[in-house]
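As written, the chain order gives the labels A, B, C, D and E, with residue 1 at the start of each chain.
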Amino acid sequence: MSAELASDARSAQRAGLTAGAARSRLGALAGVLPGVLGRAALYVALPVALLAAWQAAFELGYIRPILLPPPTRVGKAFVDLAASGDLFRHLGVSLLRVLEGFAIAALVGLPLGIGIGLSRTLDRLTDLIVQLTKPIPPIAWIPLAILWFGIGEAGKVYIIFLGAIFPILVNTIDGIRQTDHRHVELARVLEVTRRRFILQVVLPGALPNIMTGLRVGLMVAWICVVAAELIAASSGLGYLIMDARQMSQTDQVLVGMITIGAMGKLLDVVLRAAERRLITWKSTFSGS
Amino acid sequence: MSAELASDARSAQRAGLTAGAARSRLGALAGVLPGVLGRAALYVALPVALLAAWQAAFELGYIRPILLPPPTRVGKAFVDLAASGDLFRHLGVSLLRVLEGFAIAALVGLPLGIGIGLSRTLDRLTDLIVQLTKPIPPIAWIPLAILWFGIGEAGKVYIIFLGAIFPILVNTIDGIRQTDHRHVELARVLEVTRRRFILQVVLPGALPNIMTGLRVGLMVAWICVVAAELIAASSGLGYLIMDARQMSQTDQVLVGMITIGAMGKLLDVVLRAAERRLITWKSTFSGS
Amino acid sequence: MVATAARKAGADRAADRAASLRIGPLSKTFTLKTGPLRTETVQALSDIRLDVPGGSFVSIVGSSGCGKSTLLRIIAGLETSYDGSVTLDGRPIGGPGLDRGVIFQEHRLLPWLTVEQNVAFGLKNLPRAEVARRVREHLELVGLEGFAKAHPHQLSGGMAQRVAIARALVNQPRVLLLDEPFGALDALTRIQMQQEILRIWEAQRTTMILVTHDIDEAVFLGDEVVVMSSRPGTIRKRLPVGLPRPRDRSSPDFIALRKEIHREFFTAAELPFAYEI
Amino acid sequence: MVATAARKAGADRAADRAASLRIGPLSKTFTLKTGPLRTETVQALSDIRLDVPGGSFVSIVGSSGCGKSTLLRIIAGLETSYDGSVTLDGRPIGGPGLDRGVIFQEHRLLPWLTVEQNVAFGLKNLPRAEVARRVREHLELVGLEGFAKAHPHQLSGGMAQRVAIARALVNQPRVLLLDEPFGALDALTRIQMQQEILRIWEAQRTTMILVTHDIDEAVFLGDEVVVMSSRPGTIRKRLPVGLPRPRDRSSPDFIALRKEIHREFFTAAELPFAYEI
Amino acid sequence: DDLRIAAQPFPLYAPLFVAKQKKWLDEELAKVAPNAAVKWSLFPAGPPINESFAAGQQDVGFVGDTPALVGKAAGLDTSAIALTSDGPKSLAVVVGGDSPIASPKELKGRKVAVTKGSYAHHLLALVLEQGGLTLNDVELINLPVAEIPPAIVAGTIDAGAVWEPILTRFESQKAVRVLADGTGIKKGLLLIVADNGFLKNRPEQAKALLMAYKRASEFITANPKEAAELISGDVNLAPDLLVQVLQRMNYDPAIHDDDVAEVKKTEQFMRAHGLIKTAVDVDAFFNRKPADEAGLK
């Protein structure tokens, strides 16, 4: 069948039609299907190769399972944890914390970032505090988090919030600073309201940066989940990892890591889809 | 003297000159000096207010010094640690680790990000691995870091590297994806070399995003310093914090936090200065 | 004289709107990097003096880079560091304002807004229905009623420029600064737009300052044509156009005036070739 | 005839460079969002057929939005999804290439490069000194030798356009696609640039396709003037310009041809006003 | 008021989890304070428990003797009211399974890992002392306890001081070998500490807790297998391994004089090594009243 289509394509070209015309006719069938498969193969190629190498290293005796259990064993631990329902409990708990911390970070970070980006005064006022707080490791915040928020959920969410807010803030500010000055001039000439200036000039232009900030913020939120769940947690993926580590159950540590990775990827996909929905007015360059 | 200048300004205006002319004549003296002082005041206002509130809360007995010692005591711990030279030793060690990890992250992340941004194939090939690895907390990497790199500096630098690379990568990729398609078309029409396309079309356009990525990457590098220094460290700010925490010496924890904050701010200033040097061709919007 | 009468009649209700502009002496320099460490100053405008009575129509022609856009930007309030004075109705210009509309040399449409949103961008404090009505009216005026929902990247160059024209007109400013507004339009559309601008000018007594490269256009529209020359940008000549409106482009007076401006324009350079209009 | 002879003489060494273009039948549609869920198709080009012999000069005029830029983009190889065929020297166009130079409707300068870097942008495999020489030469050609180190945001609209012209010329392409290259230039500069383009065309036997809104320019430069009409974009008329070069813009033949094109152009619309050239 | 308990999910505190699972703690509490419930918080280590105490969020904590002393020295108003467990065999200095090192003497100049400030830190000092060495004679490496055995297996370090359940897990796989444990030199005490305000206002709750704890510890001694099944989930350790760990421990909560003496020794060690800056009066730190009231002996 594929040969048939190919010959069809060739004859179309002989008939003097351009690639453009031929493609539009046959594309729906001939081009797309193998393309999708090829893309999917490309997509999983590297992870699969890594897994295979890892398993092979184990089979050949290069790594001792006590140090790094083989994928099969990690897979088994995964299945066990999933079957007992524990994995989903941990996942659910951490997901909630991450989403809460991230949501608060977005709700604070976006307006604050917009404010700082637009106002030199607010920028000067907050710069020192923001810059000083930004690089402080989440674990160092634990004592203060316990003091201020107690050992309930609030303290954990606070740690995650702290991790997520700064990437959002920095990207938002930098995005706003990149606003095309020609558009700013236009807005000044038309004396548009502050509200319209923000909603129709500044934000749409900064949107790609803001989305980058949200995605990096989400990543850092997950990064902080272990630190957060050092505070009196008895469930959550961070807890699972640390607990398994205390017990030297490396297979469970890896299950925790991979689950966090998968969740991160999933949420990233969601954010990217949101970005595509929001930015329809641009024919972006997407590599070749 | 200021009154004199002001009256000068007024008479200049009376003479029918515009604000523009008056400003350019007097700006050098009248406008600048109080402005600088005002800006500096604005700059430190919030931190000073916070410190004052903190000390007051202590004096009024609202916070127990075990958990949150007052600024005076933190200041004393700071002076003690600085006087003994320990603080600078810790700082030097951590700074080196952070800079190493960050530099490697930049050296790997920038070319990789450019490659992924430009090539759909490379993007597909690496996406899953990158996205899965991205959100994994640095602490969870410790066992693998020890396994792969031992307990020397390499393992610690690896943890910091892992923290720093993803913000750099994500921002670089997203920056490149934002390349103006009109410029891409121009490059295609002129069939410029790949090298020139990258150096003169893609990179300058993505530079603001890349700088944002570097700054966020540096922030996350610092965030990871505690996790990194859980690996067989006997010095470093992360070690200082964890050690002091172990011994319930909250004043030293705070000294460590503030020192990291100050270092982060300092390096951020350096990166921003670099950015200003690199991007001279643009009249950016910098708030009002 | 006929024109003036007709205009006065049509502009009764808008009589109080007319804004007069007094420019000068006005100079403006830019600094330009010419080498690794060398900078040079470019004298963009030098000793410009120009009075624009309220409700009049001034055309400005001049060679590329002679400072026309800079002058408009100063009037618009976008450039504030210059030497000299510019006053609007006697008050110095402090910054941009809705009383002065600008059609920039490039279209400056916001790429994320649709055509109708771009036109509505500067409208405020109006009920939705009124906004919609005005936008529709102005899109019709520029012949783009079918493209209300399109985004700027889906427009041709001339279409984008027409949207920008609609955006500037919809606000009914007292002073309209037009920087080569019809540069990307074909001959036919251009003439239609010229007619529309004239109609609006007569109906609303808008003070118009038009920068154009088309001498024919300058004469057809202006009460006065200002010829600028460059390095530094100065006013070379001011030519009043004493022709009644509607003007006939093929009338001998019109052609004579056009020729005079051409000559004025062209003697600056020693032309290596013969050019006859 | 005189022109052809002169040209042949001047173009001996470049004789083999001439590239011929065969377009058609060619159609192109865009889809356009017209409502929340509604899309509409815009027929940008419909059944376009055009042969451009190697080394000839074709001018295209047509109303705003009739598909001129789209046609140039297809020839340039930037639009590849269309129905029909476009061949260059008998080979279908697969993508952009250095054999075809483009002057875009907007200048498309890279804001981070200086003027000279922008001009040198497309030059490759040349020694540095040669690059510098060519860039200098072409900056002189467009009259911007003083602005070599300036950045695009420091240029006026017309200056930016001239840099874009220099950038396209410096590569000496076999086919040059010019999309309103002189739109932002004043009358004088415009005429100088027209002369330069003619000189290059004669010296290098470049195949030229020029989109312009200036009918005078179309007649002055073209071997043939193609008039397009819109919705859908079609070729309305092809008018050969049988005048010898250098052409005299005030000669009766020239004026007659210009009038004919005007008529051709204007009868499409029912003009609500009288227009005489 | 609720009884707020800060604990760590390790088998060292097994009776607490048995009492929880068997609902004995709830039973005892119901007798003295019908309206009070137990509020559990689990922490991965001692320091955050101290932090939580400092924030006034806990009544009773289950911690090692070192964190307890650290907290007291830092100014927490706490007392030790009972032992949670002790087990000289529950902490040990280990070397690789096939390491040539046979005695503490041979650790001289080797890379030895310990979690700084943990009670195994003290053990290491004592073990070295047996071989005529001090902490300065080895290359001391500060590592979280969970990373020590893998680092030994990977050959990055030569020895390390660890405790349960890591010890049993790696020893049972012959990945590490015990060079010396606490037998005769350190009992490996873990304490129940309580806030003094709590002890003053709600002594009956402290008593109830100790009663339940005692009952659970006796149950473990009698039925280690059953106990292991019961709390396997709480401490995240497979029952078969857990049984081994439980049998190494002694879960007698009663305070003996030699326990106080051992804590004194620990206090001296910590002060000598700068792990605490101010001295702790160990005799005064122990408050035996609740234990006496609960009838522990």
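Odds and ends about this structure:
Here is the rule we go by: a residue touches a chain if its C-beta (ideal position, glycine included) is under 8 Å from a C-beta of that chain, and two chains touch if they have at least 3 such contacts.
What you see is a predicted model; the values in this text were computed from it and never measured.
Looking at chain A and chain E, the chains that touch each of them are B.
Listing every chain that touches chain B and chain E alike gives A. The count of contacting C-beta pairs peaks for the chain pair A-B.
Where the sister copies chain A and chain B meet, the same residue numbers recur on both sides for over half of the interface positions.
Per-chain CA centroids place chain A at a distance of 49 Å from chain C. If you average the Cα atoms of chain C and of chain E, the two centres end up 85 Å apart. Separating the CA-averaged centres of chain A and chain B is a span of 20 Å. Multi-chain contact residues of chain A (touching two or more other chains): 67, 142-143, 146-147, 242, 245, 250, 283.
Each of residues 106, 151 in chain C touches at least two other chains. In chain E, the positions touching at least two other chains are 51, 54-55, 144, 146, 150, 154.
Listing the residues of chain B that touch chain D in their complex gives 182-183, 185-186, 188-193, 196, 200-201, 204-205, 279, 281-283. Considering their complex, residues 76-78, 95-98, 100-102, 104, 106, 108, 110-113, 117, 121-122, 124, 151-153, 167, 171 of chain C touch chain A. Interface of chain D with chain C (complex): residues 30, 32-35, 61-65, 68-69, 105-106, 146-151, 154-159, 162, 179-180, 183-191, 195, 213-215, 246, 248-250, 262, 265-266, 268-269, 272-277. Touching chain E in their complex are the following residues of chain A: 64, 66-67, 142-143, 146-147, 150-151, 230-234, 239, 242-250.
Against chain A, the residues of chain E that register as touching in their complex are 6, 9-10, 40-45, 48, 51-52, 54-55, 57, 144-146, 149-150, 153-154, 165-166, 169-170, 173, 175, 236-237.
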